[in-house]
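Shared between the two complexes below is chain A, which has chain B as its partner in the first and chain C in the second.
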Partner chain A sequence: MAAKSIISRPVYGTLSPQPGKHHLFVADAEGALAITDLAAKAPDGFFADAHIIFIPGNDSKHVAALEALKPAQFYQGPSFASALPRLKQTLANAHMGLHLYLAGTEGLIGQAMQAALEAGIDHTSIQTEHRGSLARRIQCVHCKGITENVTTQPATCSHCGLLLLVRDHYSRRLAAFQGVCINAEDRSEIPPTEEIFR
Partner chain B sequence: MGITFRKETFRDDFTFKNSPEHIRRFPFPFHEDSYMYAVNIEPHVLGPKGSVLENLIDVDEHYVAEMQDRALVLAEDPLRCQSLPHMTLAGWDLLELLMEQQAVGYPEHFTLSRDGDKWRWINRPLGIDDSFTFGDVSTLPYGPMEYITRQSQGDFCILDQRDGNLWMDAGMVTTQADWSLDFDIGMNFFEWHAPVPLAHEKGIFTRALKFLTNIQQGKPARRLNWTMTINPRLDTSPENYHKWGPDRATVTPENVGDKVHLRVELQSFWRLPRSNGIVFPIRCYLIKMDELVTQPKWARRLHRVIRDLPDELANYKGLTRYRRTLVEWLSKLDDGSPTSPGFGPD
Partner chain C sequence: MSTGTTKLDVVVSDVVPVNELVTRFHFRRRDGQLLPTFSGGAHVVVEMRDGERTRLNPYSLMGSPLDTREYTISVRRDDVGRGGSLFMHRHVRPGMEMVISYPVNLFSLDLRARKHLMLAGGIGITPFMAQTAQLAAEGGNFELHYTCRTASLGTYADVLKDRYDRRVRLYHDDRDERIELDRLLSSQPLGTHLYVCGPSGMIGWVRDRAAALGWPTETVHFEHFAAPQPGAPFDVTLAVSGKTIRVGEQQSLLEAIEAAGVDPPYLCRGGVCGQCETNVIAHDGKFIHNDHWLSEEEHRCGKKIMPCVSRFEGRSLVLER
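Moving on, here comes the complex of A and B:
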């Protein structure tokens, strides 16, 4: 997105191979392509001690390409929630010098980073690359419920039903953008809904 | 002679008002006839008797009612008070600071006695007499930050200082001007200020951070900030925006004087001795237009400030819906004559 944003909004980069032996990748859907692009730049044997946690989504596209990298461990999960216990254990048992690479949707990157922060990893040491959908994970500031995969502005809170303005203000701790009632001052004002986070 | 504490409310029937003495001591935030952001930070030193700076931690006639309102907010939403696990020591620092300042400033209302780490705190307005061991959380009914900030006017943010930045890692925030502690906790100085328009481009936050990270123990600093609130409502949180937002559509030319309030924050910044954190009290003062315009200079100046405010700022402060009605009402009290320099009434 080229649009001017605010400082709390995460900025993503391009994955690049870091020196060292231990590499943990977490990716979803088209995030796999960020890993295969990295592989093209990586030295021989880079994946010999790598662990890839991959959530392919609706099809198993990209699974074969990741397996072909021959990582020491490859895990394919049906959802981020199902991968989370494994991710937490891996982070808890991590060696000094583990490099963490996150690629895919903002929701995936944010939630994996949240787990890493809880494990004491500094967010600035984590490599991230955004690929695929711009769908957002938002926290309703009113009821505190999280709504996943929000693609519209405004969006309806899946918990309390308020119509929310999806802000660029982002919390790494919650792994979510903030949603604030867009018509709090006059509920009869219903702005048009646009699909802008695709 | 002590303070006579008012019985009043900040919700439902909104009986809050200021006595004539409290109108005169109101911290009017405009020293000239226009307003733009600036790094308006100055040393927090004692000011004239009868002003809000007579003591460095101000206690006023609204104390008891404000503490009752805070208790109602917390019962409804405990997430307004949060402290990340590494912030307990800073909470003890804050407890010491607020007990000392309130006891020194208002000995008829508060007494602190200490024998090593055995402390006794008497808060007469709230009917509290507690003995506890300083540093031992099991001897207080709440964590140290929550305990003392349930007995101190204003919101409190405790900032951890590391990596050359300040981190919003603890706070008691029930009287805020539309920002969420629950969302912002854990953020650094630039991140939690991210939504503020115009100021980033002006380099305000870079300079402010440099100043704040250099604050020394015993040398607090302060600044004023302001916004406007419809009805004397302390809890204008984003959490409850869908409940108080409709108030903004109720302003008419007939009720401006009673409904529209100038809301001033006296923000101060203190280095904490044990934790090396910074505590940032945000003390909120409310005054309705009918009270404010009893000082003709303030009426003239506020008219000019609100009339000439950049739209982006007016929008950020939530004034847009009633701004025209307010400016029209104030214009009748502005004869165009010059205003004297400085904040005070003539």
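Moving on, here comes the complex of A and C:
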């Protein structure tokens, strides 16, 4: 669990069943475990009104456990990007009383939340639980390019090639952490690279 | 001077009877200038000088926020209340000079909402008069459901129907018309915010159903001014100012503190804004908490009181004032 460093750094909780008419889950990889943990605390029939959008990742080991919950709808996709149109469509047709639960990597939680904010859901009413990788999605403040799955500090911008300090400063609107050039004064100065966001 | 309650010197520019219970009052600035800008849902505190006694009652501004040449309030006569509404009905006449507070909004629209769903009961319609005017001017998406006892007591129902047509739905108690609340709440698009103003029973009902149907608390807004309830007189020691005062039967604790020349901060005088929160130094007796500000835990522990609406029964009470 990530510690709070500056005010914009997201802090995640533990999924718990909320009152409501419909329950929409978006999860990737080990995020599935947060859903099965919630299921243990959920009232009977809870998943009869649930829709799960799941991105299994490299293996499909959690798929069976989620299907066993017998949600009204279950979808698995190869990537978040490929599932996004489905998520947006679901949100566009949804009514008040829908609860959104996000579980898994920070990149998934952030991007699903971004779609939810655009659909008019307040971020404070979304349940989140971080599971799995700490890899970050960052935006280079210089070229504005987004680099996915950043695990090192510093990291190289995949667009402009600048060496970036990965900050805890986070944008919900962009669903990304901020990356700022770490050696702007003297580009020949290369600090050691450490893998810290695993 | 109390926080946020800078005063405005106004003159009553018109007094208009609306129906058998409700009268509308118009205020303009005495110096002819424009009044301060406000947003839909704001209220002002009106000072009523009634002989020896000064009453301070909050009323929602009901005019369009786009027109600050005058402020308008509508006052429902309450024959068994504490006398503020009767004073307004009986003594306030065009041309009279009065003092009102700057507007304060504790019931503002959340303009991030995709849609605004408004539920009004009786005189609770007044803040929505301003809010609908504000939203209509900027093309906002709203829907108003208004319940009243009878058509003749449906204050401004005709005006609202005229202005907004099918965006307004009326329900008359005497015709057994009821809001189908569960269906209404379940059919709202994502991103809708809910606003309710009316009798406390209605507010409680709407909040409970909204919570049960999965509406997040930050999407449910309510205006819940409780008028101070009368009660048995009690004595209070104000430790900071070194005074002992008696709170009369028809007087609120806040009014009694003010009458003793102590000026605590206040904004709403209705138990919702939190400004007049006061620390209790010692007590021997029982609190009668009527506010919507302190938590249940704070109500239990007896270390704080909201003097605008809450009372005390018992031997002694010492406040940090």
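Rule of thumb we're sticking to: the second predicted complex is superposed on the first by the 194 of 198 C-alpha atoms of A that agree within 3 Å, B and C clash if a C-alpha of one lies under 4 Å from a C-alpha of the other, contacts with A are read in each partner's own complex, and residues count from 1 in each chain.
Here, a residue touches a chain if its C-beta (ideal position, glycine included) is under 8 Å from a C-beta of that chain, and two chains touch if they have at least 3 such contacts.
This one's a predicted model, so the numbers in the text were calculated from it and none came from an experiment.
Room for both chain B and chain C is found when the two structures are superposed via chain A, with no clash between them.
Contact with chain C, but none with chain B, is seen for A:Leu98 once the two complexes are overlaid on the shared chain. When the two complexes are overlaid on their common chain A, residue A:Gln73 makes contact with neither chain B nor chain C. An angle of 60 degrees, to the nearest 10, separates chain B from chain C at the C-alpha centre of chain A in the overlay.
In the superposed pair of complexes, A:Cys181 makes contact with chain B only, with no contact to chain C.
Of the two partner chains placed by the overlay, only chain B lies in contact with A:Leu162; chain C stays clear of it. With both structures placed on the common chain, the touch criterion links A:Gly120 to chain C but leaves chain B unconnected. By the touch criterion stated above, A:Ile7 is placed in contact with chain B alone, chain C being left untouched.
In the superposed model, A:Pro19 makes contact with chain C only, not with chain B.
Contacts of A:Gln89 after superposition on the shared chain: neither chain B nor chain C is touched. In the superposition on chain A, contact of A:Gln139 is made with chain B only, not with chain C. Superposition on chain A places chain B within reach of chain C only down to 5 Å, the least C-alpha distance between them. Here chain C touches chain A in the complex through residues 112-114, 185-192, 211-219, going by the rule given at the top. Those residues of chain B lying in contact with chain A across their complex are 79, 180, 182-187, 190-195, 200, 238-242, 245-246, 248-249, 321. Of all residues in chain A, those touching chain C in their complex are 18-22, 91-92, 94-99, 119-122, 124-125.
Chain A meets chain B in the complex at residues 6-9, 139, 141-142, 144, 162, 167-169, 171-174, 178, 180-181, 184-187.
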